[in-house]
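Each structure below is given as C-alpha cells.
Two complexes are shown next, each including chain A; its partner changes from chain B in the first to chain C in the second.
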Partner chain A sequence: MKLDVREPVLKANDDIAADLRRMFRQRHMAVVNLISSPGAGKTTLLERTLDRLRGDLKVAVLVGDVQTENDAHRLERFGFAVQQIITGGTCHLEARMIAEHLPQVLSPGLDLLLVENVGNLVCPTDFDLGEDAKVVLLSTPEGEDKPLKYPAIFHRAAAAVLTKIDLLPYVDCNVATVRRYLRAVHPGMPLFEVSAVSGQGLDAWLAWLQAEVQAKRVLSD
Partner chain B sequence: MKLDVREPVLKANDDIAADLRRMFRQRHMAVVNLISSPGAGKTTLLERTLDRLRGDLKVAVLVGDVQTENDAHRLERFGFAVQQIITGGTCHLEARMIAEHLPQVLSPGLDLLLVENVGNLVCPTDFDLGEDAKVVLLSTPEGEDKPLKYPAIFHRAAAAVLTKIDLLPYVDCNVATVRRYLRAVHPGMPLFEVSAVSGQGLDAWLAWLQAEVQAKRVLSD
Partner chain C sequence: MHELGLAQEIVEVAQRAAERAGATRVERVQVTVGRLMQVEVDSLLFLLSVVRQDYPLMARTSFRAVVEPAQARCRACGRTWEIEDWVFLCGACGSGDLEVLSGECLEVTDMEVEVGDEAGCARTGPEGQ
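On to the complex of A and B.
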C-alpha cells in the first residue's frame, strides 16, 4: 500500500523538480537545499552565511516551516530577498512549493538560492527540489550516531556541516566518531565543523558554497 | 490529493490503535509514547527512567528508529524487556508496528509500556499507537520557538519534557520563554525541566509517570 501511495506523489514532484532544475541551469543559479533536525542550527548558519556573502554574491532564500514566519524575519536583515514557505502540516518542502514561492525572490543575476527545508531528517530526503546539492546539518548535542540512524539523508547529501562545535566541551560528542560514522555511510563526503558563535570553520563552508556558484557559472546552457 | 492519500492510511492506523488501546486497558497497562527531534535525548531519558523504576514497576520498552539497533542495546542493561522496531524508510511508528513487535516484550503483570518514537517532530503526531499519553521532548540547544513552529505535537502531547537543562549556561535558550510559548500552544500543559547528567528534575517526571500507571491500575475493565 505504501509504495502505491508514494510513487505517484514522488513522480509528480520529480517532474516539477526537473522543470526547476532546467530553469536554474539556464539562469546559472546555484541552488543548495539545507536539511537537518529541528534546532540543529540551519537558520543560524544561514544568518552567518548571508552576513559573509553580502557585497560578494547575489543570494535569495526560501525558508520552510510547518508554522510561523520567525525564520524569514531573522534572515531579512541582510538585504537579500527572503520568502517564508509555511507548509501547514507538511513535514518537508516539495518542488511545487518552490515553484509557487520562487517568483517572490527571483531577480536578474541571482548567483545562489539557499533553501532551508523543514526541520526533519527523514521526509525531506526523497523530495527533489531541483537543487544542485543537498547539505545535511548535524549539531553536536544530537550525538554521534545520527549518520547511522538516518543513513538516507547522509548518503544523498553532497556535504555535511557539524554545527555548534563550541558546545563540544559540554556534550557527549566525539568529532572523530562523527567523521567515522559519516564516512561509513558516505565515503569521501566533505564535513565542515562550524561554530556560528565563534565563527570557526565558516571559511571552509563559504569556500565550498562559492565553488558551487562557480561551477554553475561556467556551465554552458 | 494529499487528503485522499492520508485519510485511508490514518483510518487503518486508528482501527489497529483502537484494538491496542482495548487490550492495554484490559491489562491495566499504562502506555506512554515519547516524541522529539532526533538527538533531543529520548533514549537518555529512558535510561535514567528505567534505572530509577527498577524494583518498583514492571516496564517494557519498544524503541523505533529508521535504522540501527543502537538504542535497544543501550536500554537492555536495566533488565526490562526491550525491542527495537526498525522502520526502514518510515519516518514514524504506526500502530501495526506496535501490534507486530508487542508480543516480544509482553508478559503478565506489566505496569508500563514506554514507546520511543522515531526522531521527528512532525510525522509521529498523527499516528495513534493506542497510548494513554504522548510526551514531547524538547532539548535546550534546539531553541525556544519549537512549540510555535511545530504546534501540532505540542498541542496533542499530554506533557512536555525540556531536556539538557545542564547546557543552559552555554546555549541561547530562556526557560521562561519556552514555558510561555508552550502555554500559548497548550495552556496548562505540564513541563518537566530535566538534566539526565545531574538528575535534576527527574523526580517530578517519575512522579508523573507513576501517576499514569496508578490511573490505569484503578480503571475498571
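On to the complex of A and C.
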C-alpha cells in the first residue's frame, strides 16, 4: 500500500518554533539568532552590544555551546538575564532547547532576545528557533570566500556582520571582495563592518537591531 | 553531522505515518532533498540504514532520496533557470530580485507499506462475527 506522506522532515522542530514565534509576537519581543564559525567573535560582539544597549532596551540572552558556561559568565556582567544552553555534543541549537531554557530569562517588558548559536556555519542553518532574523558573522582572518564556501547560511540570514575589521591591515581580506561574494549568494543583504575592539561600525549594527525591535513593537498580536 | 539528526527525524516521521496506517512493515521510504538544503545525500542514506535498526517496522526498509533542483525566477526580466552554483543573480539581466521556486524542500514524500490485511491476517469486524 502506498502512503502519500509529504511531511517536512523537521516538522517536530518547526512546530515548536511556530509556537515560540507566536509567543514572541504576543510579547512584542524581537528575536535575533547569531550564527558563525567558532571564534568569529559572536560573544565579543554581544558584549559590546549589551554594553551599548544598557539603559535603552531590556534584553535577554541565550547562549549555546557544546560545553562550558564560560560565555554566559562573560555576558552576565551587563545586568541582563543570560542563560547558557549546553548542547552536550549537538552542533546547533534546536527550537526545543530554546523552549526549555527560555523561562530562565523571560520577564515582562523584554524588548529583545539575542540567541548566540553554537559555532558552526552548516548545521544551525536549517533549524528554525522562532527568530525574526538570523544574522551571520564572518571575521576578517577567516578569509573573504566564506560566503561562497558556506552559501546556505549567507543566503538565508537577514544580515551579515564582518567582524575584527581592526585586523584588516594584517590579514588577507578585501572587503570589496566580501561584498561581491555576498551579493552573489544574497543580493541586497546588509553587511555591517565592525570592530568590537575599537567600536568602529557598531552604530550601524545597533541601529539595525533597534529597527528590528521597533518593527516588532508595532506589530499587532 | 546534522545528517544524523535528519536521519532520526525521517525515521520518526516514517514510523508515525506507518502507525497511522496500521502498517506491519515498511518496504520503502522516499525522501525529497532540495539542492539548497546542504544535505549530503550519501551520508544521509548511510545513516538511515543505521538509525532504522531501532525500529522493528523498518528492519528491511529501503530508503531513497530524490534531489529537488533549485529553480529561480527573475522578477525583473521573467527568466526562469536552475541554480547550480549558489549564485542568486540573473544571468540575463544581472538583477538580484529573484524568487526561489524550488530547492528548499526536505520532506518524507511517500512510503510503501504492508498492512495486516495484505499479509493475510484474519479480519475482525462485524462481518466476521
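What to note about this one:
Keep this in mind: the second predicted complex is superposed on the first by the 212 of 221 C-alpha atoms of A that agree within 3 Å, B and C clash if a C-alpha of one lies under 4 Å from a C-alpha of the other, contacts with A are read in each partner's own complex, and residues count from 1 in each chain.
Convention: a residue touches a chain if its C-beta (ideal position, glycine included) is under 8 Å from a C-beta of that chain, and two chains touch if they have at least 3 such contacts.
Since we're looking at a predicted model, the values are computed, not measured.
In the superposed pair of complexes, A:V122 makes contact with chain B and with chain C alike.
When both complexes are overlaid on chain A, the residue A:G130 reaches neither chain B nor chain C.
Of the two partner chains placed by the overlay, only chain B lies in contact with A:S139; chain C stays clear of it. Ranking chain B and chain C by residues of chain A touched puts B first. In the superposed model, A:C91 lies in contact with both chain B and chain C.
In the superposition on chain A, contact of A:T68 is made with chain B only, not with chain C. Shared-chain residue A:V171: touches chain B; no touch with chain C. Across the two superposed structures, the residue set of chain A contacted by chain B and also by chain C is 1-2, 5, 9, 90-91, 122-123, 148, 151-152.
Interface residues of chain C facing chain A in the complex, by the touch rule stated above, are 1-2, 5-6, 9-10, 12-14, 17-18, 21, 23, 31, 36-38, 86-89, 95-98, 106-115, 118.
Put simply, chain A touches chain C in their complex at residues 1-13, 90-92, 122-123, 125-126, 148, 151-152, 155, 183-188.
Across the complex, chain A is touched by residues 1-2, 5, 9, 37-40, 65-68, 70, 89-91, 118-123, 139, 141-143, 145-146, 148-152, 164, 166-167, 170-171 of chain B.
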